[in-house]
Amino acid sequence: MREDFAGTKLDPAEARALRLEIEEFHAAYCAALDEGRIADWPGFFTEDAVYRITGRDNADAGLPVGLIYCEGGGMLRDRALAIEKTAMFAPRFLLHAVSNVRVLGLSEGTVEAQATYLVLQTLVDEPTTIHQAGRYFDRFARVAGRLLLRERQCVYDTVLIDNSLVLPV
Amino acid sequence: MREDFAGTKLDPAEARALRLEIEEFHAAYCAALDEGRIADWPGFFTEDAVYRITGRDNADAGLPVGLIYCEGGGMLRDRALAIEKTAMFAPRFLLHAVSNVRVLGLSEGTVEAQATYLVLQTLVDEPTTIHQAGRYFDRFARVAGRLLLRERQCVYDTVLIDNSLVLPV
Amino acid sequence: MREDFAGTKLDPAEARALRLEIEEFHAAYCAALDEGRIADWPGFFTEDAVYRITGRDNADAGLPVGLIYCEGGGMLRDRALAIEKTAMFAPRFLLHAVSNVRVLGLSEGTVEAQATYLVLQTLVDEPTTIHQAGRYFDRFARVAGRLLLRERQCVYDTVLIDNSLVLPV
Amino acid sequence: MDARATHGSNADRGFVWPEEGLARFPDWVYTSDEIYAREVERIFHGACWNYVALEAEIPAPGDFKRSFAGPTPVVVARGADGAIAVFENRCAHRGAEFCRPYRGNAREFVCPYHQWTYDLGGVLVGVPFRRGVKGEGGMPADFRLEEHGVRRLKVTTRRGVVFASFAPGTEPLEDYLGPEILADFDATFDGRPLKILGYYRNTVPANWKMYHENLKDPYHATLLHSYLVTFGLLVAGNRSAMIVDAKGRHGTMASAKPDTLDVPEESRREMRAFHDNLALADPRILDYVREFNSPWSVTMQTIWPNMIVQRELNTLGTRQIVPQGPHRFAMVWTMFGFEGDSDEMTRHRLRQGNLMGPAGFLGLEDNEAMKFVQDGIAKARPSAAVIELGGSEEGTSPNLISEAAIRALYRHWRDVMGV
Amino acid sequence: MDARATHGSNADRGFVWPEEGLARFPDWVYTSDEIYAREVERIFHGACWNYVALEAEIPAPGDFKRSFAGPTPVVVARGADGAIAVFENRCAHRGAEFCRPYRGNAREFVCPYHQWTYDLGGVLVGVPFRRGVKGEGGMPADFRLEEHGVRRLKVTTRRGVVFASFAPGTEPLEDYLGPEILADFDATFDGRPLKILGYYRNTVPANWKMYHENLKDPYHATLLHSYLVTFGLLVAGNRSAMIVDAKGRHGTMASAKPDTLDVPEESRREMRAFHDNLALADPRILDYVREFNSPWSVTMQTIWPNMIVQRELNTLGTRQIVPQGPHRFAMVWTMFGFEGDSDEMTRHRLRQGNLMGPAGFLGLEDNEAMKFVQDGIAKARPSAAVIELGGSEEGTSPNLISEAAIRALYRHWRDVMGV
Amino acid sequence: MDARATHGSNADRGFVWPEEGLARFPDWVYTSDEIYAREVERIFHGACWNYVALEAEIPAPGDFKRSFAGPTPVVVARGADGAIAVFENRCAHRGAEFCRPYRGNAREFVCPYHQWTYDLGGVLVGVPFRRGVKGEGGMPADFRLEEHGVRRLKVTTRRGVVFASFAPGTEPLEDYLGPEILADFDATFDGRPLKILGYYRNTVPANWKMYHENLKDPYHATLLHSYLVTFGLLVAGNRSAMIVDAKGRHGTMASAKPDTLDVPEESRREMRAFHDNLALADPRILDYVREFNSPWSVTMQTIWPNMIVQRELNTLGTRQIVPQGPHRFAMVWTMFGFEGDSDEMTRHRLRQGNLMGPAGFLGLEDNEAMKFVQDGIAKARPSAAVIELGGSEEGTSPNLISEAAIRALYRHWRDVMGV
């Protein structure tokens, strides 16, 4: 179980540097969502990226459906467009908090990493709720010196969603 | 949007070192509050510090009111004094959890940083609740080698407060 | 109160390196629990380890009882065995999120550290709840180059437990 | 809920219908605990077919899933002989909800509390120490296992869809649905074996009937769903229909994707939702692969009291309504394709899935809108909804600008509920 | 809430007042769902003026805010002509709460569900496809937009404060408040244009009437609020008054800041709250800048049924009570200064703001104390509060050690409630 | 809760017992708000002894703890004279729950709202400004402090265990418990001074009576608790007994740890729970240090209505049931050893503590099982539990495979409840 400790086959120093860089990535990514800069969101992905949000029940059963399912930058941008221009939903405040970042390894030039996330939602005149708790299963590529998501699988424990999920995770 | 990734105009290595130092600051700051060492709290600020807690609705509208509003060390110490000596409130356990620390830049010798915080409150014979979720907007100064808050704006999403907020955030 | 800032008597660089290593330990430890690898859990402890979960009410009053109380690797393994083989409980998803890691010092070759944890529980067809919020009070030993827990005291604020706690924290 | 919930006369209870008749729906239809208790008794536990599963979810002997018939937890299991049984998820001994996981495979069901054991049909086959120990204790000599199984529901299936009823006398499903509804039901479930793609689950903080109203309300689709309109999937004036069965319980909202985006000026004027000059970077999501023998590219069927059949272009699914009191219901979405779909066809269905579900471009808007309605009626002074679109016509409507299907549903509902 | 909530005789319901009369308040006053339903019907929806806004919040045509009249969501909007309208936040069609943000500016209100459109006065001005499409569907020919606007409330304003009533016959505000209350109301709202400084919002897990009692209870101020006493802002024996209107509904708790901290030995003995030798590091928070034409440095006004006017030295605000059942209410605080305040004066008001609000030195104590009371009465054996301070006197009281104002309020309340 | 909760006849309320008598328990026993309200009135607030504390928790004068008598918050305090008083945690003035911390030491209790002051016996000893200020205000001349203390409960103690009753006429504890129960009670509380080891607190989402049933149900222990069986602590056929008092209220589930693990083949067959080839790495948890004058190594006593005495080998504790409506109760566990225990003996008790509590190998299973039962009965069609193990015998049972003790309890309960 040694690898469970370092959580990686990488040289520990390299793994740590990557972990710290990924933490900075998460902080910037969440800030874009929490500040409502949804148009910036597709920019955190490579053009060939796959993005999916699905329940842990589906993930455990190997079922492919996605609450949100995007193949490539076009679909990511279309999701952002719909949220900004066409979608009707009540005003709300959102916060995304990320912890427990783990770098699991390097394969074909992409970094595999995981993290735990919380989505905290506050509707007008309602309390703050844990709208979704889950884990990121990420694959990062380095493009022009910085990390971008080539794949993000958001697997949520909160199988029973409270009404709707209006922003990506 | 590049700056959204590094989240700073600083040299990345310097930014990372500051981020790690600020994380240690947050951990110590929260420990003081969570352990009830309220008298230590003003010591995390410079003597000319401004401290404010306000709702995201006020912050977004540019309204100046503060749930707590302190100008300078005297008001910070008076707040601590009142909590210790005069305030009547039910016993409770509090935990402050900080994540998503971002260093945004350096200006006039102060470090600008943000973070996401959760305040978890537990009253006697009641469940633990998310009492407040929000973000810190901080400006740090370096005094005698260590960071102190010159300004802390706590902007909370939890606009509808559950009864009362007895400790600073 | 200076030590409150560095949170340690260690050389700051050494303290930071330890803090980062401990964060990686927590991430691996939580992943084992969240992925249901309960059999791996005892491997995070030394053979002479003490493990206890207790309420902050007991801890504050110096009362020794433990919700879970293990002396040594045998009891840790027996707990894991019972969970896997004999215990009856409803299926659930669990997430453990750790933040606010503090390294407090080095004494007799063990590292003293603290952290804040959240246990998020999701039962079938029920919402995600904060099942437990608390703090770790840890003592780590270095064995064969990696950190293991010689002592973990989990002190929870969530004194009023929702029905049952089925996994260790 | 208290026993008294269903006592007392309507007048005593304040359940007086407005004199305007079906042009008005009073708030208590959506907010009363007593009305809800009566709905459970007379509708979900009455002579109705509750949708409980797709056969493809439990293909093999011993496969089972947790499900609900109305608010009531049930187990749907396939026996060794391949037959499907539906029974209450409630132990006959002391009442434990013994089946806890979403789904699985078992040889039998063992209640964890005292290990009473049921076969895959819910028949009690074992009571530990039934004869006691050393001849002492145990069940009475006249205790018959066969008299103490969990309560079984009447089961029927059609084209791989499983329904259950608490009432032995419930009419055959084909009669229950009627020919108008069967036609489009069979068009979607066209005989190809289903392939489960996955699930969504969500709650909606609104009365369960609003979900039926939403899908018997073609008017909203052209107005709430800017996405549909902006990208040309649906505009008032499309070839479309709102089809209702003879009793007014069920419905099919049907439309045909126009070959070209051409919104008549008349409609543009009416629709604030319409945005010019917006285009999708990846329009594959709007592709319609003609795979059904139907004039419609979209059919949304509401099957009373707890099922929706979604055929939205090529993204397919069933939805199960699980009422949780007057103010909330849960929704279980089962998304599927067909065995033999190519990888690309499966991926097409998944991409198109972004339209529906609690994060879907359309789905999230309906959920938000229903919350708005419940918020509005729960705290206001007593009032009533105004249901006058299409005048007083009831039932099938030739056009989208009518509430005839909703009125038809409530004529039936009032009849069953006695209000 | 169920229709039956207000049925049945008081005796049947167990609503029997103790024989001691107003010296006792029974628990059910604070805990009964039925009493609450009756309060909403007879008080908040009755012939009362509900505080809904300050004009300074919506200075320009098209400005609006979400608000509440009792528990009922309303919209307060300023029309093109500058007139203010208040109407239910409930669409006339199917009831959606259509206005969702805290505040904003709009030309009209469009309900998201089917885009029925209302002008800034709540008048229905548009129903999409009202005439149908291609002559089919749509509303009946005799459907009149003007008959289907959202329900408007009667509106009145004074000195920039906006009130609304569901009852057309509600007496003029000046008569409603009465001269005693008007005097201090006008002293605070002295004609200078208001400048909004911001908002606090919180819930209190207690019956909404306790907030009125708290501010009709000068006794508690000298005992609960150690901060006031310790730092000399208020001591029993201060120049002060508890003023009540003729009907007993409204009140003004007034006091004058003493020029010197001088607590008479008699009072010290009584007040455990008193701490010697405590001093503030930054006493600016206690400064009183004389800006009002009033003998009082502090006036806290309770304006029945849902408003508090706070003039605590120089920190000013209104508070709106939003009842949410017998056991909980929300409180919306609107803090303000005046146009033309210097930056330093504004900062002084902000610094002094630490006294009030849900984190204020005084405000948090009141909220905690009210929770304690609801906790105490909700789970105990049936009992009654003892309200005997000041004997049986009712109404305005010359001194702080009296519950006369509380008794006066409940004489009125019992009369309206018929208990 | 509304006053009406206890009105109306049983038939009107739907409280009709099945004709099978005590062989069936209908759902409303566990789910009705009205039945719950009646239980509070007739049982917890009636002629019963509620367990409230151990003397060892409050050894010194001035020591106090927050506790509950049924659902009602009380304070248990030791006076200067060493006497223990129990009184409602509700201020006589306006009802504040004035005592907030789990426990502490005080000279007197001061209500924070207006500082009415009570001595350690709950007697009102101070009302600030009772005579007013400068002769104005204050309480009426005829106000007697002694008439306005908080309500005191009748108190009795035995072997360091403190009980309280709201009914002055409650029979002496020894008569209340009866000789069968007293015997094992005294075996556990054998005169050695107790040493508090700590507390667990948890809620259980089930009706409070299910906890009594669970511990009057030896049948479940051999089936639910695989740990017990697998590691040989209990097997059907062990020397054991289910002892019930004459009235059927209280019970003792007793067993003797077998000297060797030897599960008769007959039992193995019945028990799915049984796992061969499992062994503990650290079997110290199963050690039994003989320290009690009793033939039993385990006695679990249910003392009506709110106490459990746990003597599980050497891990000892009391449990207090705090009902919170029909669907939930809280459980407060007080774990103890004895003064003079060696460090190793204390550590042995702590290690063995892993068996019980909300994370205990046995304790968590009981809590999970009770949730399953409430889940099962709350949403199903009306039904009834089948209570036929041991036929129709009631009361003490010679063997583990009987529900005689549960039937005896419900004969008593029906009598008190009048259903």
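Per-chain residue numbering starts at 1, and chain names A, B, C, D, E and F are given in the order in which the chains are listed.
Keep in mind that, in the parts below, a contact is a pair of C-beta atoms (placed from the backbone, for glycine too) under 8 Å apart; a residue touches a chain by one contact, two chains touch by 3 or more.
None of the values given here were measured: they were computed from a predicted structure.
The minimum number of touch steps linking chain B to chain F comes to 1.
For the pair chain D and chain F, chains touching both partners: C, E. Chain centres were defined as the mean of their Cα atoms; on that basis the chain farthest from chain D turns out to be B.
Taking each chain's centre as the mean of its CA atoms, C is the chain most distant from chain E.
With centres set at the average Cα position, the gap from chain B to chain D is 47 Å. Per-chain Cα centroids separate chain A from chain C by 26 Å. One inter-chain figure worth recording: chain A and chain E are separated by 44 Å, centre to centre, where each centre is the mean of the chain's CA atoms. Counting partner chains per residue, chain B shows two or more touched chains at residues 20, 88, 90, 99, 124-125, 130, 159-160, 162. Touching of two or more other chains is recorded for residues 100, 102, 112, 201, 224, 273, 330, 365, 368-369, 372 of chain E.
Chain pairs that touch one another: A-B, A-C, A-D, A-E, B-C, B-E, B-F, C-D, C-F, D-E, D-F, E-F. On chain E, the positions that touch chain D within their shared complex are 1-4, 7, 45, 71-73, 88-98, 100, 110, 112-115, 128-129, 132-134, 136-140, 143, 148, 151, 166. Across the complex, chain D is touched by residues 53-55, 57-58, 61, 63-75, 77-79, 81-82, 85-90, 159-166 of chain A. Those residues of chain C whose C-beta lies close enough to touch chain B in the complex are 1-2, 4-7, 16, 19-20, 56, 99-102, 114, 116, 118, 130, 132-135, 157-160, 162.
In the complex of the two chains, the chain B residues touching chain F come out as 88, 90-91, 124-125. Chain F meets chain B in the complex at residues 66, 100-102, 112, 201, 330.
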